[in-house]
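Pasting the structures in now, so scroll down.
Each of the two complexes below includes chain A, the first together with chain B, the second together with chain C.
Right, the complex of A and B next:
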């Protein structure tokens, strides 16, 4: 099934190549579980591209972060997006970081992406993977220790387990059939509600506990397609000095507050921050709460309507109760 | 944050961010009218509540400040026309967000006081500092570790 979709992707790209300057997609990495982003500029390289549930990266960040992938005069950038990635694109178009007319969006409905770390944990971290096949929700892995089968559901990333938008919300070409969301929109924030049953002190201790693992590598910030300050990020400025260089829990708290609050009302929950975290901090959970607040106060969900304005970048003089 | 010797034992550390055009004048009016006010408040003058970065509040509360009060012009009365409309949304989102990190949202309050409302300013500041006294000291996050220019940091 994934090979068919990959072939379809190649076919579509060959057809649109005349108007496209550069293609952003995924290619196979050093083993079948590891997929890496690739920038393709010529037709002969199109066959490198793949699409399968190991394509975890959100490629939209490459369009805005330096050195950004930009198309030549009169041409377009083709970018492959899953459901969550397409919402990042919408958010970037909303804030005028991207010009919709210069993009050719290739949407691929997503049935969930796989966390290679969970797979490796199951088959043993030192094994070598030769082959990985997915069929009917079962992942079959040939590795140096033999053959192993597991259900896809047991190795999905957390963001995929709570995905309500698996189908791209914005696209020029859609490849493959649309899929039904794993959960309903009304259930999106059940984890937040559950967490809020705890007392204030328990919550603070929870965050102190998980955030004390943070090494401030800034991977969460760098992977985020909407964190576009880059070298101007206030977490690395000496003036104004928001955080020190010292690895104390206080500085870590402030860093994550900066990251979360700068994304308040903008975060599209693509989960890249959490996926790239080397120490497994549930970074996206902080943003889930902010999104829950924005949904409740302003009935706003980020990354759905390219014409909408994020709620904290505007105001309504008549709103009551705030 | 280390306790300064000038701070008496039962005095709380409260930061007030006051808009230059309204609440700062309101606090001045209260002073000129010789209205009695609690002494826990340290005032920071800002050009407009639109200048308020929610991170000001978060950093203060994480660092162990006992309470943060933000006060500006009444909505529709902003000197810059719309500053407090933006502030209203940001500060409300922040207020809802604080408990998620385990910070008591009662330690943060935002309100609107105009330059002529000396009486109202007195009520606001008295009420807020009373509330903070009831809540007691803010544990903050990691405030016991020595940081910031301290030689014993390591």
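Right, the complex of A and C next:
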């Protein structure tokens, strides 16, 4: 099935190539579990592109982060998006970082993306992975230690287990049939609600425990398509200096609070911040809480309507709810 | 214990720690050393393995390379170089005196369960901190007070390439004790005089003949295994030759996020920044990890940045390891082949294929000219 979708993608791209001069997609990395983003600039390279549940990266950040992938005069950039990625695009369009007319959005309804770490944990890590095949929700891995089967559900990224928007919300071409979301919108913040059952003490200890592992590599920030301060992030500014370089929980907490607050009402829950963290800190969870507040106060969900204005980007003294 | 037996124990250089006795032994060692062991970190997706100081609750985890190397044992993420305080001069109130306080740390330390690549990381860093233009007293004091009990590695995966850069799964360069993990426990062998104290503190029996044989077999296997197939020869000339060819760096690093993951998980990335962290009249000079993948790293006061984009930054990371370092330090490649940067890169950039690509482009260019 994924081979067919990949072929369909190639076909679509060959057809639109006269309009576009760059394509943002995914190609195979150093093993079948590891896919990498690729920028394709000529028709002959289209065959490098793949589309399958290992295509974890959200590519939309490349459209805005320096050096941004942009199209030549009169041309468009074709960008491949899953459901969550498409919401990032909407947010970037809302905030005028992107011009909708210069994009050719290729959407694929998403059945969930796979966390390579969970797969490696299941097959044992001392192996070389030769092949990964997905059929009917079952992942079959051929590796140097033999053959292993597992259900896709058991190796999905956390973001995918709580995804209510697997179908692209904005696109020019849609490849494949739409899928049923894993959860309903009303359940989006059940994990937040559950967590809030815990005592303040427990919650505090949880965050101290997980955040104290943060090495301040800032991958969570750099991978976020909506973290647009980029090289001017206050985490590293020296003049004025806001955060010290000390690796203490206080400083780490300040960084993450700032990161989260800058995303309040803008975060589209693509989960990239959490996926890229080398030490497995669930940083999206902080943003989920902010989004839950956002939904409660402003009835607003980020990245759904290109015409809407995110609540914290506007000022309305008569705002209901505050 | 009879004195005769005790004397015998003292000269024992090979011992066996049964699996179930490990924590007991480590607890004993902790009374004399700060002992670091790899452990699964709590509440992540059950993947991250880090080195942490041993406590009796620790569950040492030895069947997968750690996510973060033991680099922070010698090069902590943040290290106070000294503390200072401004005080009023009692003779002349218009003047201020500066009081400096030394904070150098030299605790006796044992890293239990590092891998050959992890230790090779320090052997490489030694060139910079101990054998280069400057002697770094902070690094030196930690390094001299730290012993490495290193696992014969049986856990290579498809990102490892230690054999390509002068190491190997059985390589014991820089280690004091060899640990061979067998089905029932661990065979420990002292590799130098420094090891003797640790071995005797373990208070364990020598391995049985069978345990010895087991260990030997595992060591033989490790010695004969070739991990990785990167050919680093010619990397120096290739990087120099292709320095200005931004096309090749774009091919390699266009998808890079310019995050610090690859540098922070790398045992041989030692770059740091120095800041004064001051509050009121008291402060400390702090040395903390920095990354050449960051914009700020080369930002000049004028506003100019000689490495304005991720392409120049990635070129630097690769160039440093495979060109500038060997040029300066007698041909030593500043990479231990641990594969961490490959495994942990959020966009799966592979430094092995990057080196190959630069070499390939360079050799093609050479033919043409």
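In the analysis below, the second predicted complex is superposed on the first by the 320 of 322 C-alpha atoms of A that agree within 3 Å, B and C clash if a C-alpha of one lies under 4 Å from a C-alpha of the other, contacts with A are read in each partner's own complex, and residues count from 1 in each chain.
What we mean here is this: a residue touches a chain if its C-beta (ideal position, glycine included) is under 8 Å from a C-beta of that chain, and two chains touch if they have at least 3 such contacts.
As the structure is a prediction and not an experimental result, all values here were calculated from the model.
In the superposition on chain A, A:246 makes contact with both chain B and chain C. Contacts of A:35 after superposition: chain C is touched, whereas chain B is not reached. Once the two complexes are overlaid on the shared chain, A:315 sits against chain B while remaining clear of chain C.
Within the superposed three-chain model, A:279 lies in touch with chain C and out of touch with chain B [touch as defined at top].
When the two complexes are overlaid on their common chain A, residue A:66 makes contact with chain C while staying clear of chain B.
Touch criterion met: A:254 reaches chain B, while chain C stays clear of it. The wider contact with chain A, measured as residues touched, comes from C rather than the other of chain B and chain C.
By the touch criterion stated above, A:52 is placed in contact with neither chain B nor chain C. Using the contact criterion defined above for the overlaid structures, shared-chain residue A:206 touches chain B and also reaches chain C. When the two structures are aligned on the shared chain, A:219 is found in touch with chain C, with no touch to chain B.
In the superposition on chain A, the residues of chain A touched by chain B in one structure and by chain C in the other are 206, 244, 246, 248. Residues of chain B that touch chain A in their complex: 54-55, 58-59, 62-63, 75-76, 82, 85-86, 88-90, 92-94, 96-97, 99-104, 139-143, 145, 147-148, 153. Residue ranges of chain A in contact with chain B, taken from their complex: 192, 195-196, 200-208, 242, 244, 246, 248-251, 253-254, 257-258, 260-261, 264-265, 286, 289-290, 293-294, 296-298, 311-312, 315-317, 322.
Every residue of chain C that touches chain A in the complex is listed here, in rising order: 41-48, 50, 63-65, 67-68, 76-78, 154-159, 254-255, 257-261, 263-265, 273, 275, 277, 286, 288-289, 291, 294-296, 309-311, 342, 344, 346-350, 352-353. Across the complex, chain A meets chain C through its residues 29-31, 34-39, 57, 61-62, 66-67, 69, 115, 117-118, 120-121, 125-129, 158, 206, 209-210, 213, 215-219, 221-223, 230-231, 236, 238, 244-248, 272, 275-276, 278-282.
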